[in-house]
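Following are the structures in question.
Shared between the two complexes below is chain A, which has chain B as its partner in the first and chain C in the second.
== the complex of A and B ==
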């Protein structure tokens, strides 16, 4: 709630603010979906400022443990905007994404990604 | 009191009785356990005289005290249909039915009389409780070292790690970066690798002795004057970039 995240696709938004974490009493973590409100947007984009959108967290500054004992953590918080079905709105994704997304069935985001960490 | 009961009880027990014993025994066992040490003390002499002749009856085990140590020696006469029922905990687990001679005495002075039949074993060096984790960790590290030798890693090394990810079956993932910290914890010794990937800083913690890691190679070393290089997070990305 109220976390401002960077948007890393080319859907037109620049910053969104989380207003709800779907799944999880304590908040969304890496790989979870959130509902967010667009706070800052590019002038000609698919989404406008003030729109309520869904997003998938692809980078989080909080470490996420993996089942083999390793942990991964990024330097910033970033999100990729998706629609209700989970398909990304944009056509490109910038920056690295973790391979936890494969387990969460966000395969499309993985294929668009530059680098899978 | 019980010693007088004993001879008759032993006569009545058939020689070949083994298995269906145990549930019955357990009940009798706890009943006898609740009594004080007096039955034991009085019956000690008679018991030692008897135990070479008769098979172990249920009444026998009743005299075993709670803190009794199991001795799995085989009696040359071979009467062990002994249920070595005496545990340190008392009633549970009848184990080693065959060839465990029941010596129906408790510890303390009873042990000397019980061992009159065999020579005393030399005392093994006792392992202290505090050393156990250290010994287990060392063993686990040796076992993992046998499969894949781990190089000596220090903070400031630039390493390359080849990891096998179960999701990514076909190819090994490669991670390169600088070691910014090393946490020593026996088998769960971890190193933290930092690198700038596609413009974003990424830190990954790897357990060094994990079987998923197929190879660790030290590529270069950078001179640092710290054990933990967390200051790199605030510095320019150029310092954490490795081709």
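== the complex of A and C ==
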């Protein structure tokens, strides 16, 4: 809640603020979906400021444990906007994304990504 | 170190490709990635090929260059997609402090840069990162395990030799300093009278009379 995340696709939004984590009692982590409110947007984009959107967290500064026991963490908190079905709204994704998304079935985001960490 | 001429070895030679060797180090998840160049003179025994059962790899810590075993350490992904792996929080914290490992004395980077540790050796050629998985063959796996042991031993021997050679010069210096100290401080261990008699820098020789040896016959005990 209230976490401002960077939007790393070309959907038009720049910053979103998390208003609800869809899963997890303690909040959303890397790879989870959130409901967010667009706080900052590009003037002509698909998404406008004030819109409520769904997003998938693709980078989190908080480390997340991997199945081999190691932990990964990223430099910032970033999100990719998706629709209710989980398909990304934008057509490009910037920066590295974790391969935890594969397990969460966000394959489309993985294919758009430039680098999978 | 005989060059073994099995069929597999030959076929690999004929293929003229670089091979990646990953293998089970022991029971468990640990894998060790080796590289065998066909043109390397130090090939030991058979070439070994093994396919990786799982995506597990022994990584190197970015800061101190020690191995990061699976289940340890933290992986930090920067936004330019560069991955930094750390073996423990010590290295991670140093990284966050923006320290340069080449200036931090206890890291391998520093030691290699300043010539403290061995830098160039053919044994390092065996351990290189390759991304091609190989087909599993039990014999080859066994042989590579043996090879790893041997290569390790050779490498550590050479490394310790390197360090020994580096420290050789200090022994001469230490002896010089000890001699000087003895000259200055001889009055602490040798009485001045003895020094006057015998002005060498050694401790005075004390003569002890050794008693005559007992005869073989049994001496009657005193009543």
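Going forward, the second predicted complex is superposed on the first by the 117 of 117 C-alpha atoms of A that agree within 3 Å, B and C clash if a C-alpha of one lies under 4 Å from a C-alpha of the other, contacts with A are read in each partner's own complex, and residues count from 1 in each chain.
One rule holds for everything that comes next: a contact is a pair of C-beta atoms (placed from the backbone, for glycine too) under 8 Å apart; a residue touches a chain by one contact, two chains touch by 3 or more.
Keep in mind that what you see is a predicted model, and the values were worked out from it rather than measured.
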Practice item. Based on the superposed arrangement around chain A, label chain B with chain C as either clash or fit. Key: clash
Practice item. Give one of first, second, both or neither to describe whether A:45 is in contact with chain B, with chain C, with both, or with none. Key: neither
Practice item. Pick one for A:86: touches chain B only (first), chain C only (second), both, or neither. Key: neither
Review point. If you stack the two complexes on chain A, which partner ends up touching A:75: first (chain B), second (chain C), both, or neither?
Key: both
Check your understanding: Is A:96 touching the first partner chain B, the second partner chain C, both, or neither of them?
Key -> both
Review point. So, A:115: does it touch chain B (first), chain C (second), both, or neither?
Key: both
Check your understanding: Which positions of chain A sit in both the chain B and the chain C interface?
Key -> 59, 63, 68-76, 95-96, 114-115, 117
Point to revise | Residue ranges of chain B touching chain A (in the complex, touch as defined) | key: 165, 167-168, 188, 190, 197-207, 210, 212, 233
Check your understanding: Which positions of chain A touch chain C when the two form their complex?
Key -> 59, 63, 68-76, 95-96, 98, 114-115, 117
Practice item. Within their complex, state which residues of chain A touch chain B. Key: 59, 63, 68-76, 78, 94-96, 99, 102-103, 114-115, 117
Study note, to complete from the structure: Note: in the complex, chain C contacts chain A through residues 29, 55-56, 68, 70-79, 81, 83
